[in-house]
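Paired with subunit B in one complex and with subunit C in the other, subunit A is shared by the two complexes that follow.
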Partner chain A sequence: MNKNLNLDKHISSQFNDDLERVKTHVLAMGGLVEAQINDSITALIEGNASLAQKVRDKERAINSMELDIDAECATILALRQPAASDLRLLIAALKSITDIERMGDEAKRIASFALKLLEDGEAWTGYKEFNKIGERVRKMTSDTFNSFARFDVELARTIGDQDRSVDTAYHAAIQELLSQISDNPENLIQNMNVMWSLRSLERIGDHCINIAEYVIYLVEGDDVRHAKDKAKEKKK
Partner chain B sequence: MNKNLNLDKHISSQFNDDLERVKTHVLAMGGLVEAQINDSITALIEGNASLAQKVRDKERAINSMELDIDAECATILALRQPAASDLRLLIAALKSITDIERMGDEAKRIASFALKLLEDGEAWTGYKEFNKIGERVRKMTSDTFNSFARFDVELARTIGDQDRSVDTAYHAAIQELLSQISDNPENLIQNMNVMWSLRSLERIGDHCINIAEYVIYLVEGDDVRHAKDKAKEKKK
Partner chain C sequence: MAGINTMIDEGRTQDDVAPLTAVEMPRQESIDENYETVGSPLLHNPLVKTRNVNVFYAEKQAIFNVNLDIAKNEVIAMIGPSGCGKSTFLRCLNRMNDTIDTCRVQGDIVLEGQDIYDRSVDAVELRARVGIVFQKPNPFPKSVYENVAYGPRIHGLVNRKSDLDDIVEDSLKRAGLWEEVKDELEGSGTGLSGGQQQRLCIARTIAVSPDIILMDEPCSALDPIATAKIEELIAELRENYTIAIVTHNMQQAARVSSRTAYFHLGKLIEVGETEIVFTRPVHPLTEAYITGRFG
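Right, the complex of A and B next:
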C-alpha cells in the first residue's frame, strides 16, 4: 500500500490481500458513484433523458456493492484481529461506503429531476449556476476518491475549503432562484426542481467532507470530525 | 442483554461490560437527539425562540458523543476479538451513530428555520401539516430507539411502514405549499422555510429507517438493507 500509511506488516500475506481487496472494492464503488454523479449532472444540463434513465437504473448495483463490502469488512474483523491502521482502514471503509451509497442516492435524485424538467418541456433558466456548482462538485468528488486511493491527507484536507466554496455558490444560486420565483411565479414547479437538484449537489459535497475526514482518520489515527467543536471547547 | 439476542457468553465479564456500555452510550446519544427533535418541532410550532436556541447550542454535545462512541468501538474491536452478534453490535453501533448525528443536524436545521420564521414576524400557514408530520416523526424516532434498546425486531420492522406514511404526508404538504406559493408569492421566503423544515423532518424519517435496519441486522445477522433490490433481482 501507499507510503503515506504505515500499514502493519502481517505475517499472513492473505491478510494483506484481504485489506487491499477491501480498498479496491471501496474505490470501485466510489468510481461507479462518481460516474453516476457526472452522468446525472450531464443529463440535467443537456436534457438527456436516456442518460438520466441510465443513472436511475444503475443505482441498484451500488446498493449491492455496499452490502458486499459491509459483509467483507465484518468477515475480516471476525477472522483476523486487525489493530492500528488495519483496523482504521476497515472502520473508514465501513463508514465511507454509507456516504458513497447516499451520494449515489443524490445522483439518482438529480437524474429524476432531469426527467421532470424534460417533461416540463420548457427551457429552464438556472442552467449556468447549476453547471458552475456541478463542476465544483465533480472536482470535489474526484479529489475525495483520489485522496482515499492514495491515502493522500493533503488532498483530503482541501475538501473542506472546496465545500465552503460550493456552499457559497449554492446559497447565491438559491437566492437567485427565489427572486426568479417571485418575478415569475408561473415557472414555480420548474424552479423548485432546479432548487432540489442544487440541494442534491450540495449534499454530495457534504458526503465528500465526511469521506475526506475518514481518510485523515485512517492515515493519521486522529479524528478530525467536529474538530471545530473541539477547538471551541478548548477556548472556553 | 435482551432475550431477543443470543449474545455469545464471554469468559471475560469485562467484555460483557464493554458491550453493554457501548449500547448504553448509543442509547444516551439517541435520547439526546430525540429530545432535540422534539424541542425543534415544538420551537417551530410554538414560535419559541429560546427553545430553538437551546437546540442549536446542544448540537455540539451530540457531535462529541459520536466521536467518543466511535473511539470506544474501535478500542473494543482492537483489544477483544468480537465475533457473531458481538461484532454485529459494534458494527451496528458504529453505523447507527452516524445516522443519529445527522438526525441531530436536521433538528438543528429545523431550529434555525424556526428562528427565521420568527424573524419574519408573520403567522405562517403550514402549521397544521407540519404538526401532523412532526407527530409521526416523533413517534418513528421514539420507536426506532426503543427497538434498539430492546433489540426488538418486530418494532424495527414497523419503521418502514411508518416512513411511507410520513413520505405520503410530506409530498401532500409540499404540493399544498407550492399552491400557496403560486397564490401568494409575497409569502415566498416564509413558505420556503416551512418547506425546508418539512424536508428535514422527512430526512429524519430516512435516518430512522437506516437505524431500524441496523437493529434487524444486529439481531438476525441478516442484512435487510436494499432488500427490495434483492427481491427484484431474484424475480429476474
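Right, the complex of A and C next:
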C-alpha cells in the first residue's frame, strides 16, 4: 500500500486546495477540542470557575465547525467524485469530526461538573485519580491529532494501548469511589459527579481510538475497526 | 468558513502539520521492462486466457507482456491514459488488429481452450463469438430490422423468416430498444438518436449469440441519459454475456464493472476487484491515475 498520499499532486490545483482545506479545518477543530479538554481538566482540578465557563461557552463553535466541514466534504464528493486516498481522506474527515464533536461534548460535561463541585464548596476526594487519568487522556488526545496531522500510522497504533491503560485506571478509580460512597454515604452526590467526570475522560479515550482507526484507514486503506469481531467471524 | 478560520489560531497550527507530500510521484520512465502486474490478473478456469501478449505497430511496441484472464459472465473494465494500449489490447481479443497491416500480435490468447490466433481459426466466425461495440455508433445504412438480421443471416443461424423475426425481437429486447422501435422496424437505423443507434449496435452484436461483448468507449459520444441506459443495459447483459469495456470515464468503470485493469504505457499495471481498485489501489500509478494526479 502506498503510504505517500501526495494529496497536493492533482492536475487540478483547485482540488489540491479543497482537500488541503478540509484537512486544515479538521485539525483546527481537533486543536480547539484538545484545548477544551485540557482546559476542562485544569478547571476541575484547580477549581477554576471562569475557565470552566469558558469551556462551556466555546462548545457551540465546535458544533458549527462540524457543520462547516460536513458541507465542505459534501461539496467535494458531489463535484469531484474522489477515489482512493482522496476518498479515504474525506471519509476519515467526515467520521473523525463526529468523534471530535463528541469529545467537545465530554469536555463541556467535565466543565459543568467542575462548576457543580465548586458550588458544593467542599474539597473532593477523587482528585488523584482524576489527575492521573486526565494526564493520560491529554497525551492520548495530543497523539491522536498528531497522528492525523502527520498521517502517522505508527503513532495511531499506540492509541489502543494508551486507551487500555486509561480503562484500567478508570475501573480502579470507580472501585475506589464506590468504596468511599459506601464508607461515607453523605458524599454520594459529590462522588457521583466525580464518577461522571471520570466517565467523560474514559469516553474521550474511546473517541481517540476511533479517530486513530480512521487515520490507519486513511493511510493504509485497512479498516481495522471491530478487529476482534472480524477475527471471530473468520474462525466460524 | 469564517468560524473555522478564526479557530485555527486557537487550535493546532499549520506548523504542527506535516506536509502533505512525502515523496515525488513515480516517474513514468521508472516502470521496469520486467514488471509484474499487481493484484489478481490470473483466474481459475477463465473464459479467456491471455499470456505474454506483446503488440507492435511496425517497430513501435504498444503492448508489453500482458497476462490477463477474463472470467465467464464478468464485466471487466480496462482503464488508463490515452495511448496506454487498452484499446489495442481489447482489439486483440477478437483479432480486430488483423485489419491493420503493420500490427503484429505475439503471445497466446486462448478462448475456451482454443488459441484464437491459430491458423485454423476463421476471424469472421471468431468475431461472431467475440462481438465489439465501438466508440461511435455505426449502424449499417439499412433498416433497424436489417441491422439486427444481417449477422444471423450471413452466419447461417436461421432458415426461416419467423426464426429471424424472433432473433431480431429478442435482440432488440435484450438491448432495451424494442419498445422504442417495434413500430418502426423498417425505418432507417441511422435515423435513430445516438443512444438508440448505440443500443442498435449492441442488439446487432447480441443477435449472433456471442460469448463475449467488447465495448470500446461505448458511451463517449452519448449524453448522460443515453449513457445511463447503456450502463443499465450492461448490468442486465452481464447475466448472459462476458463484457470487456474500455472507458475513459472512471466513474463509469467503477459503476459497471466487477474487475478493473489499469494499463500504463502499454503495461498492465494492476488488476483487481473494482471496489478495491477505486478505494485502495495497490500500485502508486493506479492511485495517481484514478485520483487525477497526472495526465
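Annotations
Here is the rule we use: the second predicted complex is superposed on the first by the 227 of 236 C-alpha atoms of A that agree within 3 Å, B and C clash if a C-alpha of one lies under 4 Å from a C-alpha of the other, contacts with A are read in each partner's own complex, and residues count from 1 in each chain.
The working rule: a contact is a pair of C-beta atoms (placed from the backbone, for glycine too) under 8 Å apart; a residue touches a chain by one contact, two chains touch by 3 or more.
Since this is a predicted model, take the numbers as computed values, not measurements.
Touch criterion met: A:Ala78 reaches subunit B, while subunit C stays clear of it. Once the two complexes are laid over each other on the shared chain, residue contacts for A:Leu27 go to subunit C alone; subunit B is not touched.
In the overlay built on the shared chain, the residue A:Ile181 is in contact with subunit B alone; subunit C does not reach it.
When the two complexes are overlaid on their common chain A, residue A:Met192 makes contact with subunit B while staying clear of subunit C.
Applying the stated contact rule after C-alpha superposition, one finds that A:Arg225 touches subunit B and leaves subunit C untouched.
By the touch criterion defined above, A:Ser12 reaches subunit C but does not reach subunit B. In the superposition on chain A, A:Met65 makes contact with subunit C only, not with subunit B.
In the superposed model, A:Ala149 lies in contact with subunit C only, and not with subunit B. One of subunit B and subunit C touches more residues of subunit A, and that partner is C. Of the two partner chains, subunit B is the only one touched by A:Thr98; subunit C is not. Contacts of subunit A with subunit B, set against its contacts with subunit C after fitting on chain A, overlap at residues 64, 81-84, 87-88. Contact residues on subunit A toward subunit C in their complex (touch as defined above): 1-12, 15, 19-21, 23-25, 27-35, 61, 64-65, 68-69, 72, 81-88, 145-146, 149-152, 220-222. For subunit C in complex with subunit A, the touching residues are 1, 3-4, 7-8, 10-14, 16-18, 20-23, 25, 250-251, 254, 278-284, 286-288, 290-295. Every residue of subunit B that touches subunit A in the complex is listed here, in rising order: 60, 63-64, 66-67, 70-71, 73-74, 77-78, 81-84, 87-88, 91, 94-95, 98, 178, 181-182, 185, 188-189, 192, 223, 225-226, 229-230, 232-233.
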